[in-house]
Structure formats: structure tokens, C-alpha cells
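Going by the order they are written in, the chains are A, B, C, D, E and F; count residues from 1 in each one.
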Amino acid sequence: MGLFDLALTNLVSPPILFFALGLVAALIRSDLAVPEAVAKSLSIFLIMAIGFKGGVEMASASLSDAAMAIGAGILISFALPFISFGLLRATSRTGRVDAAAIAAHYGSISIVTFIAASDAGNAMGLAAAGFMVAVAAAMEAPAIFSGLILAGKQEGQSDRELFREVAVNGSIVLLVGAFLIGWATGETGREVVEPLFYDVFRGVLCIFLLDMGLVAGRGLVRQAGALQWPVILHGLYMPVIGASLGLFIAWIIGLAPGTGALLMTLSASASYIAVPAAMRLALPKAKPAVALTLSLGVTFPFNLVFGIPIYFAIARAVLG
Amino acid sequence: MGLFDLALTNLVSPPILFFALGLVAALIRSDLAVPEAVAKSLSIFLIMAIGFKGGVEMASASLSDAAMAIGAGILISFALPFISFGLLRATSRTGRVDAAAIAAHYGSISIVTFIAASDAGNAMGLAAAGFMVAVAAAMEAPAIFSGLILAGKQEGQSDRELFREVAVNGSIVLLVGAFLIGWATGETGREVVEPLFYDVFRGVLCIFLLDMGLVAGRGLVRQAGALQWPVILHGLYMPVIGASLGLFIAWIIGLAPGTGALLMTLSASASYIAVPAAMRLALPKAKPAVALTLSLGVTFPFNLVFGIPIYFAIARAVLG
Amino acid sequence: MGLFDLALTNLVSPPILFFALGLVAALIRSDLAVPEAVAKSLSIFLIMAIGFKGGVEMASASLSDAAMAIGAGILISFALPFISFGLLRATSRTGRVDAAAIAAHYGSISIVTFIAASDAGNAMGLAAAGFMVAVAAAMEAPAIFSGLILAGKQEGQSDRELFREVAVNGSIVLLVGAFLIGWATGETGREVVEPLFYDVFRGVLCIFLLDMGLVAGRGLVRQAGALQWPVILHGLYMPVIGASLGLFIAWIIGLAPGTGALLMTLSASASYIAVPAAMRLALPKAKPAVALTLSLGVTFPFNLVFGIPIYFAIARAVLG
Amino acid sequence: METTTKKRLEIVIEAPVLERLTRKLDALKLSGYTVMPAVSGRGRNGSWSRKGEISDSQRMFVLFAVLDEAALAKVLDEVYALVSSQIGIVTVSDVEVVRAERF
Amino acid sequence: METTTKKRLEIVIEAPVLERLTRKLDALKLSGYTVMPAVSGRGRNGSWSRKGEISDSQRMFVLFAVLDEAALAKVLDEVYALVSSQIGIVTVSDVEVVRAERF
Amino acid sequence: METTTKKRLEIVIEAPVLERLTRKLDALKLSGYTVMPAVSGRGRNGSWSRKGEISDSQRMFVLFAVLDEAALAKVLDEVYALVSSQIGIVTVSDVEVVRAERF
């Protein structure tokens, strides 16, 4: 199956089409909305399931590979903000603190993008190693600290408190916890949750992506004016830069295609949950709307629709 | 299976019994309640699933039949309010604006009644054509405009704005969108969502109908006094009139029994989501409680428990 | 399989591990949380499913056994508070009204503990009689009245009103209603809801227990200081006393091992939904935090993790 | 636009008692009231939070009612009699309304 | 800390009209507003409750806006024109703010 | 029923900072406070809405605390120091309470 077919298969899959439906509904200002409490719970379910599945697959994984991939992920998450910051400052009139905040978003990851990519990978028969879940968890936080370095010392800011709040962030704790539970219970545990965590999973992903489309679209509608072109472009070329760095590292440490494609996706994705909240605490002067709209309204759709199939195609060609 | 058996089978099916349980719980003033956010999300799920399934079945449908059925549906939705209005004014002391508002409810449709009917039809081996989903979507709005005509010009009312708000109504957008996605992805897409949209569907319908019973019952308890007998009767004979008109049209355009039964059900059902909201904007002087209690507390239970099996039995006899 | 293996199998099952994950997340003060609306709905779903399943199994149950077990349950629920009250007053400095309120919690039951026990029983091949669902429902309320007796007359309290509010309590109505629906529809009804009420059930239980762990843990963190040691110990030995009484009665009326283990579990469990609410109405002077923290933070985890496997092992040895 | 002064009664009350309170307000023939949810708080009885709770026994609602000064005294007596023995607080403030006869 | 007196406009409005109301407030160039959910209530149009509702047509939201006395008159006229024909109420009260220029 | 005048401090604050705020209030030994959810709003930092949001970073909560005039000055200073650098507003108004010693 060539790149074009891959892209097409990805485009006409229900999850992507429901995301598009959400986008369209928001742009035509429909009042369609998944209640917040349920949207949050769907993401909890998806994180639980993806974490658990990753853990189950650890039975057939090498711990040294896992350790190496986790190390690589931390490195990427820490490094990307410096690239993002440099490019933003060079190409746009974004202030230092705002640029640092945006940069932190691009170093960190989007767990939903990761889930969609794993799902697409399985559909293409390019399953990834279970430890990529641990890599995803490990890549959430480091970028935040790069962001703080780039912003420079802020008065009245307590880093100790911040570290704690980020480390025990709900999605990290759940992802790691579910991963360990899947690892501990293996196939026996898998049988218990198979119908919900495996069979129903993709249908739930459709509903969740419908909501993501609605939220991303509403963000775009609300902020349309606020984003200057150099910043919008940043949201489009940063994933490409991230994916390239991810590919390079995957090639160095010798990851398999499916696994490498996920590392590319993680590097290409930008945070819109953990980092925005952390930035409000660490860099209150940074305008939250810009970074969030860029990450959720520009980069997320780009990765979901175009990025993922391309990353898999390239990973297969280069790492296959 | 005779009409009586049909009715019985329908009566002792879990979805109907859970609806009855909800009704009883509300009438004995139990505090049982499905949280609003989840109730809304269940309806989103049911609409997504029913829309998607209809789309998948379009593979085996004739577009000209679809077009004709949609046209017929629009006609019925537009016509019924005039009948409802005339009868209400003739038999009760309901004011002009209130009568117009109630009439609009009866021209439009109840998507949950439609879903319950499709489910019952499948259970009886009388599956309907996929395009009935499009018919359902097409029948939601026309009645609103008949209602406005019947109410006469209201000062300070912007019809343009109203048209937009109704057209992009969440449930219409979702129903049509899911329908198109099912149509576009067909059997391949069906496999992705089968466990959730097909297997789990009927169980979710049970939970949702439990909530519908609770809401309908609470409405009755709250409004018991407010409804005069001629109005309550209206809520009982309008579905019969609607179903008859639906049957007549179905016979003219030659719909199959299962498909015709759904057209009867749509015509017999009354709106309690799209229309009430539109009436608050278009006819603020109309008392919302009366129309809503009538549609949700009288007509909905009547259709769900007695109407649906009868419509299917008659459709089979007349259109079979 | 010996007691130790049983305990181990129970400990490393996904439901228990997700509960533990929730506890840990709360203790390390993670912001992980299942939205309230969804947590409530999951409990509604679990109660619906467990009630329905019990009803379906009534086909193969003896009504006289059922009647006897229900009578026994009512007796236990009524008796336990007197034991709890006496021990509390003797061992701690808890005031009369507070002790009466706590005692009522221990006479009543925890439906989630019951659900987890049924699930564990099925996993061990020790399924219970369907009527245990009716026993669970019957055991919720009697303890409340023992509590009122123990507290002595309170001024300005209307018992009649209270009786009504407890009798139509949401979870009782739903449990009994779903039980009757399962009984009425039997195998035909079972087919309708099988994928949701049976297959997906255990996965949902995992999500729900994750939330229970979070709530129990947060309660402990908040109330840590408020609980004196004699009271904490009460939360640990009361389940043992309750289970023993349950075992004795089960032996007298000759219940099968799986059924008897559930009666032990019900007797050992303490309420944290129906009773706390009733106590706020009946004994407003009683401090709610203590009883709730004890029941949810001490007794619930004890039963879930250690109690259940032990009760089943003993029931098998004594009643087998 | 000409306005009249009314009283705004605000009650924070624990969930299990809410229905009794509203029944009492109905009996007192109040022109109306609105109930709003609260998510967390702290008082003499310690702190509480809705996070993931499945029981309503430990939560608060905020009810406010705009009413006429004349009616206040009686309402306040009755309401206070109920709330004081429960978990919650009662406050009163001044508000201006446009159509006085409505309240 | 030195404070200035402003007006707090509080509007209880039925959900279907909320968007029109906020659009009007945006047009009036208000410095800001906050919308809060209500779960149940009673008024001339009878009582309502969110319990298990799936339709938004029968619910209320509570919107409040802190604004300058000077702006009040005009805002009140426009808001009242909209709300009076709908289900809802409007009240005004005094509040103190720290940074006056913000409102 | 005889009442006493107290101050009602109302704070609209962005979610990520709520916990820091309540910790500060606890440290200030306030007699109590209540936190309520908001669903949408607009301010200098633009408009926001909860519709379908999964992140809490862009939402507001409304916290109010009834306290004694004597305590107000200090509390206002500390609270304002925190809120002013964040997204949110602070207002103060007068309320009457029945049992003065409680607040």
C-alpha cells in the first residue's frame, strides 16, 4: 500500500471523519456539544485502555530497548522547545515569555494524537512496542522545564510546587498506572477487560474525536483573529521538525517501523492539557489562548489527518 | 405473529420495561436520576449510531426512493401542524400562539421514538431502508415554520436568525453527518464501530429509556394540574392522525412495510428537543410547559408502548 | 485453589488493581478524577446490570429459599447496629448520636462491595443465587431504623417522611426494578442486553473502582486527623463480626457456598450512599464526616481487598 | 429605568436537606428562587469537594431568592430554623429590581 | 486597599435565549461577564429541574456582570427589553472593586 | 431576626490557580468559603466556554467567602496579590448574617 493509499485509508476511516464532522459543526456554529464531564471521562477511558494494552504487550518487549526509547523521548521533549523558541522569536513578533510558553507545548505531547496513531498503526499492521506508552508518559513533563529556562526567572514562582503538580498530573498517573496494571496482569487481565478496552475502544475513539473536532473548531472560531501568520505556520512546520528529529533518533536507536512511527508522532504532537495548565501556574504573564489554539486548532488536526499516515509511511520506508 | 403478540413482545422487551421503571420511579417520587451530562451523551451516541447505520445501508438503497421519501417527510412535517392547530382551537380553550407552538411540536419528530421503532422493527425482522434516517432529519424543521405561520407575525422576531439556529441544530447536524460517514465508509467503517454502534446499542437504549421514563414522569408530576382534558386527548389522537397520514403517503409512494412503519412513527411522534427551544426564540409568549409535557409525558409514552407495535402491524398488513 | 491463591488471584485482578491505583493517586494528591456525573452513571449502570442478572437467574431459584434469605438479611441489617453501637460506646469516646449514626452504616450494605463480590464469585466458579440481589435491596433500610432507636428521640424529626425517602431511594428502586425486569424477560431479555450488561460489565467495574479508590483516598487525606484509633479499629473488626453473623445465619438456613459468601459480604459491608443521606435528615447533629470516612475509607477497602476472598474461602469450607 | 429595592436571600445548604428547604419556601409562597450547584468548600464542618463523589450526602447547593422586605422577616425565621440545625449558612443582601410587583 | 463602587448586574435567563443575551452584551461593549449554571428553580412560569433532562429548552443560567454605574442605565434598558419578554429575572446590586479602570 | 453586617468577597479565578487560592484562604484562617462552577464568560483575556472542553486550563470558578469587616483588609491584600497576576476578578459587597460569631 503506497503513501497515497495510506493517506486515503486514514482519511476515510470513521475516527477521522467524525473528527472532521466535529470541526465542520463548530465552524457552522452548530450547538452540537459532548458534555464536558463525558468528554473528560472518555479521555480517561482511552488513556486507561491504551496504558493497559501497552503494559500487556510488555511481556514480549526488551527492557533495554524500553529504557533507551524512554531516554530518547525525554531528550526530544527537552530539546524541541529550544528549536521552537528560536524559530518563533526569529520569524514572529511573539514576546519572550509567550514564545517560551508556546515552545513548551511543542516539546510535550498530545496523548490523543498518540492514541489515534497507535490505532492507525494497528489497522495498518504496524503495531508498536508496548513501552511506547511509557515513552509517551515520560515525554509530557521535560518540555515544561525547558520552557521555564527559556522564559527566564519569573518573580514569585515556586518551582518545587510546580514540579510536584506536573509529576502527579492526572493523565500521567493514569497512563503509568494502567500500564503497570496491564504489565502485572498480562493475558489473564486482558481477558477481563477485552470487550471494553479492546472491542469497544475504536467506537469510543470516534465519539471522542467528534468532540475534539468540536473543541478545536470552536477554539479556531473564537481566536481566528488573534493568530498572526508566522505563528500559524509555526503550528504547521513544528510537527514536521519534531517528526524528523523523532525519526532520526528512532533510526539511531534502531526502533522497528511501527514503534518509530509512534516516536515520530509523539515528537510531532503538541500538548493541550498538561502544559497549558502548568504554564498558567509558572508563566501567568503568557497569554494562554494563543498557545492552546495553535496546539489544538492547528497542530492537532494537521497530525491527525495528514501527519500520522505520512509518519507511518516514512517510518516504514526508512526503518523497515 | 399477530398484532396482539407483537404488542406483547414489545411490552415485555427490556427497553420498554426500563422506560416503565423510570416512569414508576418518577411517579413514586424516587430520587433516581441519570445525570444530565450522561443522558445528553447517551442521546448523542444513539443519534450517531442510528445515523451511521442508516448510511451504511444506503449501499443497497435507491436514491430516487430516498428522494421521494424525503420529499414526503417534509410535506407531512409541514402539513401536520395545520391539522393539530385546527383541532386544538376547535376542541380546547388554548390561545392562538400556544396552539401554534403545540402544533409545531406535532409536525416535527422525536428521534428517540424513531430509534426505538427501528430497534423494534429489526427485532421483528422488518428492517427499514437506510434513507429513513435522512427522512427523520428532514422532518425536524418544516413544522417549525408552519407553527410560525399559524402564530401570525410576532413583533421583534428575526426569522433569518431562527432559520440558521434550527438548521444547525446539534441533533440534525450529527444525524446527517453520521449518516454521510456511514455511507462513505460502508462495510469497512462498520467493522470499526460494530462492537459499540451495533452490539452495545440496545443495552444503551435501555439506560436511555430509563432516563426518558424518569424525565417524562417528573414532567407529568410537575404539570399534572396544568393540562386540561381536551389538550391531553390531543396528545393521544394526534399520533393516530399522524400515523394515518404517514401510512397513506407511504402507500402512495409504495414504501416497504418496515420503511413505511418508520414513516408512520415519525409522523406520529412529537418533538421535545428542537422545537421547544425554537419556540422559546420565535414565540416567547407561548407557555413552554404545556407543549413539552404533552409531547414528552403523553405522546412519547403512547407511541413507545402502544403506537410502535400497532404501526408495524398495520404497515405489514397494508403495505406488505 | 487454597485461601492464599484465592487472595492472590483477587489481589492481582484488574478491578482491585485499578482501585489501588485510585487510592495511590489520591494519596499522592494527583488531580486525577472521574467527573461526578459519570461516576454516578457508572454506579447506575452497575446496579442495573447486577439487578437484571439476578432476575434472569430467578428462573432456576426456589422462592421459599429466596423468602428465607430475604428475611435473614432484614434480621441481620436490623441487628448489626446494636452490636456496632455497643462496641463503639464501650471502646471509644464517641457520643451517643454519632455512635448511632455510625452503627446504622454498618447494619446497612455497600452495593459496590456486593457487585465486586459477585464478580469475584463468578470468577471462582462460585456463582450465587439470583435472589441475593433482592436480599441486598432488603438489607439497605432496616439498619437505619435501628440507628434511630439507638439515637433516641430527636426533636422536630418526622419519621414518616424519612421512611418514604429511604424506601424510594434511587438505588433500591433501580436494583429491585432491574431485578423484576430480568425476572420477567429472562433469557430473551438477556440476549438484548448481553453485550453491555454482561460482556462490558467487568471493564466498567474497573473504571468505577478506580474512582472509588480516588474518592476513598481523598476522604482519608481530608479526615486523617479526625479519626481516633478505637474508631478506625471499629471499621476493621465490624466487617469480621458482620461476616461471622452472616456465615452463621447462612449455615442455619443452609445457603450454598457462593450464596452464603454474598450474605457474609453484605453483612460485612457498610453503607456510604443511602445511610449517610438518611442520617443527615434523621440525625442532623451527628457529624457526617466520621461515619463516611470510616465506611468508605476503611471498611470498603478492607472488604474489597482482603474480606471478599476470605469470605469465599470460609464459605466454601463451612457451607461447601 | 426606575428600580425598587428588594432583599436577596442566599442559602448554602447540604444536598440531603435541599428538598425540605424548597418545600418550605413553596409553603411560604415565595415568588421564586434559583438553586445553583457548588463544587467544593469549607466551613465549621470541615472541607468538601465533588471530585468523583457518587453520593450526594456530602455536597452543598447555593439557593438564592429575591423577595420583598416585608416578607423577609417571616421567611428568615422559618429558613433559619431549618438551616441552623443542618450544614449550611444564610445571608441577606440588598438588590434593585425593575418590576417591583413581580417579587 | 482602596476600592471603588461598581454595579453588579445579575440576570437569570432561560437557556435558549442565553446566546442572544451574550451577543447583546458583547455589542454593548461590556468589560466582561460570567455565566453560571443553575440546577433547579421556581418562578411565575412554574418550577423546573435539570434532573436527567436531555433538552436545554427548560433550564436557566445565571449571568452576572460587574460594570460602571455610568454604563448601567443603557445596559439595563437593552437587557430588560430582551429578558422581560422571556423567562427570567434581572437584579442590580452594589459591589466594591479594587482596580476601578478595569470595569 | 436581628442580623449583623459582614463582607462578601467574590472571586472569579482561572481553574489552574484555584487550589493555590484556597490554600491561601486556609492559611488566612477564613471561617469558610464556597466554590461554584462557571460555564462561560468574557473578560480582558477574551471569551471562554466549557462546551466539550477536556482541559481545565481555560475555565473559571467563582469563589465567595463571607467574612468579618475586620479581617477583610488583610485577606483582600493577599488575595489580590495572587489574583491580579492571573486571570480573574475580585469584588466585595455587604451582606447581613444572623449568627455573627460564625463568620
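Keep this in mind: a residue touches a chain if its C-beta (ideal position, glycine included) is under 8 Å from a C-beta of that chain, and two chains touch if they have at least 3 such contacts.
If you want to know which protein each chain is, UniProt gives these names: A, B, C = Sodium-dependent bicarbonate transport family permease; D, E, F = Nitrogen regulatory protein P-II.
On a predicted model such as this, the values are computed, not experimentally measured, just so you know.
Trainee: Shared touching chains for subunit D and subunit F?
Mentor: The shared contacts of subunit D and subunit F, listed by label, come to E.
Trainee: From the centre of subunit A, which chain's CA centre is farthest?
Mentor: D
Trainee: Could you pull out the chain whose C-alpha mean position is farthest off from that of subunit C?
Mentor: E
Trainee: If you average the Cα atoms of subunit A and of subunit E to get two centres, how far apart are those centres in Å?
Mentor: About 38 Å separates the centre of subunit A from that of subunit E.
Trainee: With centres defined as the mean C-alpha position, give me the subunit E-subunit F separation in Å.
Mentor: So the centre of subunit E lies 19 Å away from the centre of subunit F.
Trainee: Let me have the rounded angstrom distance from the C-alpha centre of subunit B over to the C-alpha centre of subunit E, please.
Mentor: Distance between chain centres: 34 Å.
Trainee: Quick check on subunit C: which residues sit in contact with 2+ other chains?
Mentor: Residues 33-38, 40, 195, 199-200.
Trainee: Could you pull out the residues of subunit D that touch at least 2 other chains?
Mentor: 36-37, 93-94, in rising order.
Trainee: Chain pairs in touch?
Mentor: Every touching chain pair, ordered by label, is A-B, A-C, A-F, B-C, B-E, C-D, D-E, D-F, E-F.
Trainee: Within their complex, state which residues of subunit B touch subunit C.
Mentor: 12-15, 17-18, 21, 24-25, 28-38, 195, 199-200, 202-204, 206-207, 210
Trainee: Applying the document's contact rule, which stretches of subunit C touch subunit D when the two form their complex?
Mentor: Within the complex, subunit C touches subunit D at residues 33-36, 39-40, 43, 156, 211-212, 214-215, 218, 222-223, 226, 272-273, 276-281, 284-285, 287-289, 292.
Trainee: Where on subunit E is subunit B touching in the complex?
Mentor: 14-17, 20, 45-47, 49-58, 85-87
Trainee: In the complex of these two chains, what residues of subunit C are touching subunit B?
Mentor: Those in contact with subunit B are residues 35-38, 40-41, 44-45, 48, 52, 164-165, 168-171, 173-174, 177-178, 181, 184-185, 189, 192-197, 199-200.
Trainee: Would you pull the subunit F residues touching subunit D in the complex into a rising list?
Mentor: Answer in residue numbers: 1, 3, 6, 8, 22, 25-26, 30-37, 61, 66, 93-99, 102.
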